[in-house]
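Common to both upcoming complexes is chain A, partnered first by chain B, then by chain C.
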Partner chain A sequence: MYNPTVARLTYRALLGRRRALILFALPALLILIAAAVRAFNGADDQVAADVLGGFALATMVPLIGVIAGTGAIGPEIDDGSIVYLLSKPVKRPEIIFTKLIVAIAVTMVFSAVPTLIAGFVLNGNGQQVAVAYTVAALVASIAYSALFLLLGTVSRHAVVIGLVYALVWETLFGSLIEGARTLSVQQWALALAEKVTGDSLISSDVSLPTAVTLLAAVTVGATWFAGRKLRTLTLAGEE
Partner chain B sequence: MSTQAPGPVQAPEDSRIHNIGYRSYDGPRLGRAAARQALFSQSLRGAYGLGRSAKSKVLPMLLFAVMCVPALIIVAVAVVTKASKLSIEYTQYAVFLQMVIAIYVASQAPQSVSRDLRFRTVPLYFARPIERADYVLAKYGAMASALFLLTASPLLILWIGSLLAKMDFWEQTQMFGQGLVSVALLSLLFGGIGLVMAALTPRRGFGVAAVIAVLVISYGAVTTLQGIAYGTENVGAVKWIGLFSPITLIGGVQDAFLGAPTQAPGGEAAATGTAAGVVHLLVVLALIAGSYAVLMRRYRKVGL
Partner chain C sequence: MSTLTVDHASRWFGNVVAVNDVTMTVGPGVTGLLGPNGAGKSTLINMMGGFLSPSTGTVTLDGAAIWRNESVYRQIGVVPEREAMYDFLTGREFVVANAELQGLGDAEAQRALATVEMEYAQDRKISTYSKGMRQRVKMASALVHEPSVLLLDEPFNGMDPRQRMQLMDLLRRMGADGRTVLFSSHILEEVEQLASHIEVIVAGRHAASGDFRRIRRLMTDRPHRYLVRSSDDRALAAALIADPSTAGIEVEHGAEGGLRIQAVDFGRFTELLPKVAKERGIRLLTVSPSDESLESVFSYLVAA
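Our next item is the complex of A and B:
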């Protein structure tokens, strides 16, 4: 199912030229903030949880997920060069699966690793906060990548829709409407983080079995549907 | 196979060149100003999807509606309850809906400049009698005007509503004016940042993400830091941290000069005083001038 050539092309599309700069800027900012907070404030478990939850998991992970997930396939569909890939004897689901693996890898490297570093900078992994949020970031990376890869195949405005979901739905509606939180990748990932710390520092509105089921269902479902979608892809003309 | 040559190819006697009526253009030549104006109006229309496909009208119009609906609701409530003042300040409105503005900039700035770069139409523009400065001015002006329409329309609704609700005319008009100054600054600042990011990343998807990263992430980072500075009794630092994100910059300027209630945690104690306000204003103006300079530099070379 994994095609090294497709993977190599996708890595280059994602990390080539100046694009990697955006991906490096966000983690750098997170670590900078972590260092500033530590200098201001000293080590404090609650503050560490707030920063990692509010900035790393709520903003940085979805944003990197959007860039990596849609970036893995969106630009190719956008400029029409996907036809050269589709005309090769490679199965469509195989293309999607390979691109998904690449997107997950990129999202994990650029979101989970900085989260872990920032966690150690903030409070030296007191009460397992750093590890808990890293686990959450890893799990969220998988779901976000699958979701946004699907968006990339469905719509030309994938990035905008992805951002609206990540920033408006999860943060705005999530804080206003109770029910919206059940349908949020962030909360599912938090459910796992809650399990790791095992006390009141991190709380999620979703129970662990529900979260794991929904995460698996969304990831598998989105990947399957993206594969289906790629089989019947029509290249839209430029507007 | 015949070896005989078909004979020298000789033009028959009766061949001639027809006059098919090419004429040189002797109408008025409109020149630079007209070209610049045309580019400006096309870009402004394009920012709302006018003159483009129906699909590309959806997003800008939707965002415009999202900007205006809360204003309509506030006005309706104020008129029905006969309130003596609106439940939101004019200057606060754009700050509350900053996410919508950011999404608008992120979706429309790349439309405005990235497509010219990707389809290599920029050289065609410069084959016309316009200079680099004209192109940059037209694009920047169009983006800022589009943003001003987006942010000033709800304020206009609020102002008309306040008059319908028979509030004090002079007070409301003064506050409306302050709101307009604030959103004008905001439009110039956001438009400049958006265009710079979009012009540097010709692929649309990355342009969108870069603009959002600059506008929203910096705000997230700044408010996080402000909250922590406030929580650790460093109230004096709160207003200076605001220098590092576009929307808090605008917020600082309106705190100091436009009589807006402060958004920063800590309330009045952390409100931007005149001294810090001057710094905020200078930074805003420097960023606006800076984005113009970066765009001018960017278009010295028309390639990617």
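Our next item is the complex of A and C:
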């Protein structure tokens, strides 16, 4: 299912673009904030949880997910270079699966790793806060990658829609409307983080079984659908 | 040896019909797909390449449907018109990636690069290539697996005359090898120079098929023009105009003289001319079709 050539092309396309700068800028910003908070405030478990929950998990992970997920396929479809993948005897789901693996890996490296570092900087992993949010970031990376990869396959406006989802739905509606939180990757990931700390520092609106079920369903469903869409992707001529 | 078959295929985008009930068979050798810009050539090639489903009808390769069938790409090589092609790679990396996706390796990629004479620039980034170089690397990527069918969409665009000649030589060789080569073009002299067989698409419809001179002849409702020089132009003119196959004759002035003849019935005229000349003892010095260039065939078809 994993095609090393497709993976190589995807990595190079993802990390070679100007957009990739955001991949480096956001984690750098997180670690900078963590260092500043620690310097001014000292080690505080609640503050650590607030910074990691409010910035790392709520903003940084979905943004990196948008860049990696849509960037793994969207630009190739936009400019038509995907034709070089599609004109080969390679199964379409294999292309999608490989791109998903790449998107997940990139999202994890640029979101979970800095989250762990920032957590240690903030309070030295007191009450497992750093590890809990790292687990949440890892899990969220998988679901976001799958969702945004699908978005990149079906829409030319994937980045905009992805940003609206990540920022408006997850952040704004999530905090205003009760029901929206159930359908939020962030809340599902928080359910796992909550389990790791086993403490009142982190809480999710979704129960762990529901969260795990929804995470799996969204990831598998989005990937399957993206594979299907790619099979019937229409490359219109330039006429 | 592979045959592409398009059977009553149509393709529309919303209300716009891009390809309208086209039926054609493309076999081994070089076939030119000719038509003005916007005629539906790219849509047709995209259907043949499996990148577009026919709205109705079928497009098959040796009997197997092409749409949603990845396995056909073991036999088909595609050279798209669009420029985008992983510009961050070097030419060699790009062709190697294409070879790997076909289950092949470096050796095949290197051979394909040699075929298109791009070895000298293979380690440069594609983003630094000229249009002609890009075109050749695209060719190499389509040739790595030695496909029996090669589809090229406007392959000569942006090429300089020397590159054009090289590519024509290459395509001719591939056609002579028994491969099925189909290329689209809106430039008549390209098709005329290269294709043994042409398919003409005008406004989404299949306007004509075959050898271009034969197509010209098929269009009997169109006047054919000939320049004829003989030992007695005026006597010949008088005899020819008496026959309904001739619509008009103009006598050329000047040292060379000659007659410009408009024939409306091609078959009849070609029999009439030598017969009349023989009967009257007139020697025919020159008989040349003055509008058998593809240009004029094409303008007739477009006007029709």
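Worth a mention:
As a convention for this text, the second predicted complex is superposed on the first by the 232 of 239 C-alpha atoms of A that agree within 3 Å, B and C clash if a C-alpha of one lies under 4 Å from a C-alpha of the other, contacts with A are read in each partner's own complex, and residues count from 1 in each chain.
The criterion applied here is as follows: a contact is a pair of C-beta atoms (placed from the backbone, for glycine too) under 8 Å apart; a residue touches a chain by one contact, two chains touch by 3 or more.
Computed from a prediction, not measured in an experiment: that's the story for all the values here.
Following the overlay on chain A, a side-by-side fit with no clash is recorded for the pair chain B and chain C. When the shared chain is aligned, chain C comes close enough to touch A:8, but chain B does not. Contacts of A:28 after superposition on the shared chain: neither chain B nor chain C is touched. Of the two partner chains placed by superposition, only chain B is touched by A:168; chain C is not.
Touch criterion met: A:71 reaches chain B, while chain C stays clear of it.
Of the two partner chains placed around the shared chain by superposition, chain B is the only one that A:55 touches, whereas chain C remains out of contact.
When both complexes are overlaid on chain A, the residue A:43 reaches neither chain B nor chain C.
Looking at the shared chain after the overlay, A:208 reaches neither chain B nor chain C. Our angle of interest has its tip at the CA centre of chain A and reaches the CA centres of chain B and chain C; in the overlay it is 70°, to the nearest 10.
Once you line the two complexes up on chain A, you'll see the smallest CA to CA distance from chain B to chain C is 5 Å. When both complexes are aligned on chain A by C-alpha atoms, chain A residues 79, 238-239 touch chain B in the first and chain C in the second.
Across the complex, chain B meets chain A through its residues 52-53, 55-56, 59, 99, 103, 106-107, 115, 118-119, 200-201, 203-206, 208-210, 212-213, 216-217, 220-221, 224-225, 228-229, 231-232, 234.
Listed in rising order, the residues of chain A touching chain B in the complex are 18-19, 22, 25-26, 29, 33, 36-37, 40-41, 47, 50-51, 54-55, 59-60, 63, 66-67, 70-71, 74-75, 78-79, 157-160, 163-164, 167-168, 172, 238-239. Within the complex, the chain C residues that touch chain A are 13, 18, 37-43, 45-46, 49-53, 68, 70-74, 76-78, 80-82, 84-86, 88-89, 97-98, 100-103, 141-142, 153. Interface of chain A with chain C (complex): residues 3-6, 8-9, 12-13, 16, 79-81, 83-92, 231-239.
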